[in-house]
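Could you have a look at this structure, given as structure tokens, before my questions?
Order of writing sets the labels: A, B, C and D. Residues in every chain begin at 1.
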């Protein structure tokens, strides 16, 4: 079975997830910029944040499936698991943003990001296993420092937000730094895959 | 006529159905986990349930169309009928969940699931008929125990919820067990189709 | 330019239009079927009606583009015009249904259906013109009785609802009969196109 | 890497953006046209305006990618930037319309349109750079008067709305004229690209 329909369905779900938060922006009552600030609050910033996060996953999903040649039942479910985790991101991002980065929302955002990262790595493993020992994706990814580092950074962030300086802001600041660091690492999609596609060709 | 556009449209509709319930999750007023539990209630659980149900149908729809080589007017309408039934699942799942599995909602959920199962079997029959006596899909599906068992299990569930132990919980528990049993049977997409695709090749 | 992307975009828009009304169904407060009837009112019926109307257009759009070999700027805009008209159908159907088929909503629904029918015929003409005198679509459609009859039936319906028996129900009943007649005529997608595709082959 | 998946994802996002505002149309309480006017207010007009704007971008996006042969990480992000700008258009259009073209909303709409125009030009540049000095897109676009004129017109509009005749309507009228002028210039998708596609062939 070819990957095209799985990609099309994922694109549909991700297109909805990435635009969900724009539905929350309410048109201001008045006609000045002060009214605008009052009406949207932090809505715009949360929207941008969640847009970037989902965008990062879309870009990397797109890259990863360039090296997948077939789809199995396991890949379908691993992909649905990833989509489920990502679909909660607009919600957790909005809560974090609206509470000015309070402790519990920051922990929940970290758990959500961690779950998505694990689902992504899981999907990668299922694809590699479905393609046999000689998988092009496995060779392209190699030791996968990015994939191994991200969950550890998220975990550090979650634990900091929960345990460090519970009456102050330091734990939350460490956590935000960790989450941002992972985003920066992934914002450039995987060059290793780009190289592998040039070498082996794309399956489409 | 080829199946690609029918699949693309179905993917679009299913992508919307699978993510509809995330729109219902409201960001909590406060910033603690207690506020979160109060704000989302059972929303998250209903969302997960409905996500899994729609996911099962998407996976099996995807498998079934691997063996469809052409599209007729009848297939278009049978497919729209299935999509209509599935589009009501988020609604019936949410009602069931929010009423703590009360009798009427459990009956309605069963009717909805039964309607979707019948629409699925109907679509399968229409596809087989459109491809002639020698249809690969028919040979792949064979006697179709899963397709025949599911409606009977749903019916058992609906009748139990409606007639058994109307002042207690036993009828509802039997019904939930029936619905879950069908989901488990279908969560692994059809291996027979997977084998047939390897044998005959995919139409794309 | 090929038609695949125009079809994909139209599928996306139509998928959203066809499922919009399910977002309006609110989960009932209580847990009995009476609560359900109170909460959804006529929502479910409007949803079904609008689903069928949009489904008819999707099926016919799908058929028509089987015989389109290229896309021009004019086709893009004619297609967007059709999508715009169709996107208002959930709204006009709901108003008609919720007011128990009052005069003004029935007139508005007729105007909306008429606009969509004109946009469809317009799109058909633009496609034919873009393919030259020898267009396969033109030969397949021939004299196009269906396309010529529909606007006239809609117009009859609109005028009946507006002028006939303005204090009673007869005008509205005639209008509803006209609208239903057109739907029945179009519910079977164009067999002429099906035949032409077998004869000339599909462009994909 | 091929462009098909980037186009499919953009189509999904644009399909959502173009139909978002129809979700805002609320069914009137009463059953007369006066109730309709009261319930929808300027909703319908804003919807049409935003539909046309997004339609213009979809048409031109579609044309531009006809001459793109491969996708890079930079193209993915430039494209996401454009989608983000466009996703705010329904919001800014609605605010402008509902405040009867007050000064601040007109300025904000201009900023949004300017941002989208810059993102479009940026995407065009990134695509050209990814295809090397000999890019077909660059040859097709040539000196690109349209691309250079649009931001200047938007800027003129923004400055007029903000500084000219701040107690009267003249500044706002100039701004609206500027925005409309750009829309009219772009409503016909790029014929230069159409010619180039005939000459070089499309990558699909």
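Definition applied: a contact is a pair of C-beta atoms (placed from the backbone, for glycine too) under 8 Å apart; a residue touches a chain by one contact, two chains touch by 3 or more.
Just so we're clear, the structure is a prediction, and the values are computed from it rather than from any experiment.
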More than half overlap in residue numbers between the two sides of the chain A-chain B interface, or less? Answer same or different. different
The assertion on chain A/chain D checks that the Cα superposition rotation, as a multiple of 5 degrees, is 90
Could you state the distance in Å from the CA-based centre of chain C to that of chain D? 27
Could you put a whole-Å number on the gap between the CA centroids of chain A and chain C? 38
Could you pull out the residues of chain C that touch at least 2 other chains? 8, 12, 15-16, 23
Chain D to chain A touching residues, read off their complex: 1-2, 4-6, 8-9, 12-13, 15-17, 20, 23, 72-73, 76-77, 80, 83-84, 87-88, 90-91, 94-95, 98-99, 102-105, 108
Where on chain D does chain C make contact in their complex? 7-8, 11-12, 14-16, 18-19, 22-23, 25, 27-28, 30-33, 36, 48, 51, 55, 58-59, 62-63, 66, 187-189, 191, 194, 197, 202, 204
